[in-house]
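Written out below as structure tokens is the structure these notes cover.
Chain lettering (A, B, C, D, E and F) follows the sequence in which the chains are written, and residue indices restart at 1 in each chain.
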């Protein structure tokens, strides 16, 4: 499955909720304000394990818009909208943590 | 692949519709089919032909219209939920007449229909992706 | 028409926003399509099915009774996150008693609500074809 | 006391407008003056005369209209931000004409004006209360 | 000052943000989904000190709508919309943690 | 007209929602009213004034440069929560350099951004007459 998270983990509980129910093969794509969780910050540990496993992506355009491209945590992969489409195609059911 | 999209928020207030548009465009560019875009909740507000953004800003409504997403019969597959639309003041000519309202505001690239269209999109498409708040 | 597994993911309380009521409106329509339907109530979504809601004071429609209609439409898989309940100081007794009649068991009345752990919910979600989020 | 209100969200999607309405009504009942209600962000969508809720639901737009909040000159003090309104497809007759759009949707109990009206409300009122998402 | 909080402390960070900057004389009014924080639950400790000081209110109509009127934590005072108006009048500047 | 203390409370990042840009639009109008204006950036609101925003990839207007205009309108009290910055792994160096010319000090260029603790912010907020939240 592909899980998309579009809100900051500082503002909302959606990333935590996603992590509570994600299975061992699914991946996460951070979009919109969700990319705030891609930066090195006090919440980074939430995603570090999954990132090490290569299972965390972030939308490049949203990262750049928020001025945090130099701060993206290790092992988080940046994708463009074409990459977003590829993730949807490759990972089966899409779950949005809106 | 056949991909459908659900949009839960209106234009300008939330990024949902912008992201969904860029996603849909990228999917089409990659050779996929956008089977249907279903506008629900405040998402119905994306269909207003009254929308007049500033000159230096994108026009979210026209962007969708220009994607020209239609089915084999030539009907638009930008579908606005009728129940959500009526309570939020989005009317096409037929609904305006039914309700005795002078005027209407649905852009002709969109059509109003029922929630069944969302379920059907889920059934007929290989993927359904939701964009919201 | 193919049968798919549809999951309705409900994470928000009723009344503060329209997601809850408009999610329920979709579910009721979905019943006509003869698909496999599951509802998940997690996070503040669990408040949607708390017993004893009374909206007289806020001028909004109390639609909580409508959940009782789901059983009549063969929608009887309502999964509630146990962890979400505990965090919110709620127990099974605080939830509405939602039931359905099991046609495979001489129309015996059975509960539609199942309280499940996040681990169980993970498995249920992994099995879905379509997830509609509200 | 003179009280003004800012509303940031549209009707039906968020409770903001409902709460603000019940607050305004209670303030009036208690003998206070609602100096102005300023609709900003998606709040502008509260002013649509096209809004057609189901029979068994409240009509948020009419509720506001019936409060009949006007100033000494008889102008409505339900004020819709013009910039936020145009980009969200809320037009009165004058803006529709200026923009070459056929039709308009602002309820006559509301008027469109600039953001200065919000600042002025803050200055002139004893209290300003914000309702939002 | 009167601080209004309209979102659940489980979903958003707004109640915590309010508590981070509230002064010693201000009061909090929980409205809309904010009343979820008025119930006895895992987040109750956030408000218990202020409640003991009589500085936490919740809007009765919203509490009733969410079916949690029997669960309201000790010392949280319930008010109706007229009470909301009185709080606005009595406490000076109103700050909304939207 | 009376002079009041107006506080603009910004708690959300730009682009994900319109609150940031539409808050800035109010502030620019407010300048014409000759009131005492303060802006607070707390929580994800601090991202509004991070240096180096580039919106080419998302099709939205990059309005961050507009913050530089505030100094010209005598809006020069931009308070940023120190705790919010630290939590987000940001420092003063990550923020745009926003300045104004101090007419009481021979038009010397001075910083408009002040990083303050939550305790200091509490005092500043307690002093306000009107708080507009975005």
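The rule we apply is simple: a contact is a pair of C-beta atoms (placed from the backbone, for glycine too) under 8 Å apart; a residue touches a chain by one contact, two chains touch by 3 or more.
These numbers come from a predicted model, not from an experiment.
Of the chain pairs E-F, A-C or C-E, the one whose interface repeats that of A-F, sharing more than half of its contact pairs by residue number, is C-E.
For the pairs A-B and E-F, the larger set of C-beta contacts lies at A-B.
Inter-chain centre distance (chain B to chain E, centres taken as mean C-alpha positions): 38 Å. Once the centre of each chain is set as its mean CA position, chain B and chain D turn out to be 26 Å apart. Chain D and chain E have Cα centroids lying 26 Å from one another. For chain A, the set of residues touching two or more other chains reads 6, 10-11, 13, 32-33, 61, 80, 93-94, 96, 98. Of all residues in chain B, those that touch two or more other chains are 8, 12-13, 15, 19, 22, 41, 57, 83, 128, 130, 132-133.
Shown for chain C are the residues in touch with two or more other chains, namely 11, 15-18, 43, 58, 60, 129-131, 133-134.
Contacts from chain F toward chain A in the complex involve residues 12-17, 43-44, 47, 50-58, 60, 62, 64, 86-90, 94.
Across the interface of their complex, chain A is touched by residues 10-13 of chain E.
Those residues of chain F lying in contact with chain D across their complex are 1-2, 4, 6, 18-19, 22, 25-26, 29-30, 32-33, 35, 129-134.
Contact residues on chain D toward chain E in their complex (touch as defined above): 1, 3, 8, 15-16, 19, 22-23, 25-27, 29-30, 32, 127-133.
Those residues of chain E lying in contact with chain F across their complex are 1, 13-14, 17, 20-23, 26, 93-98.
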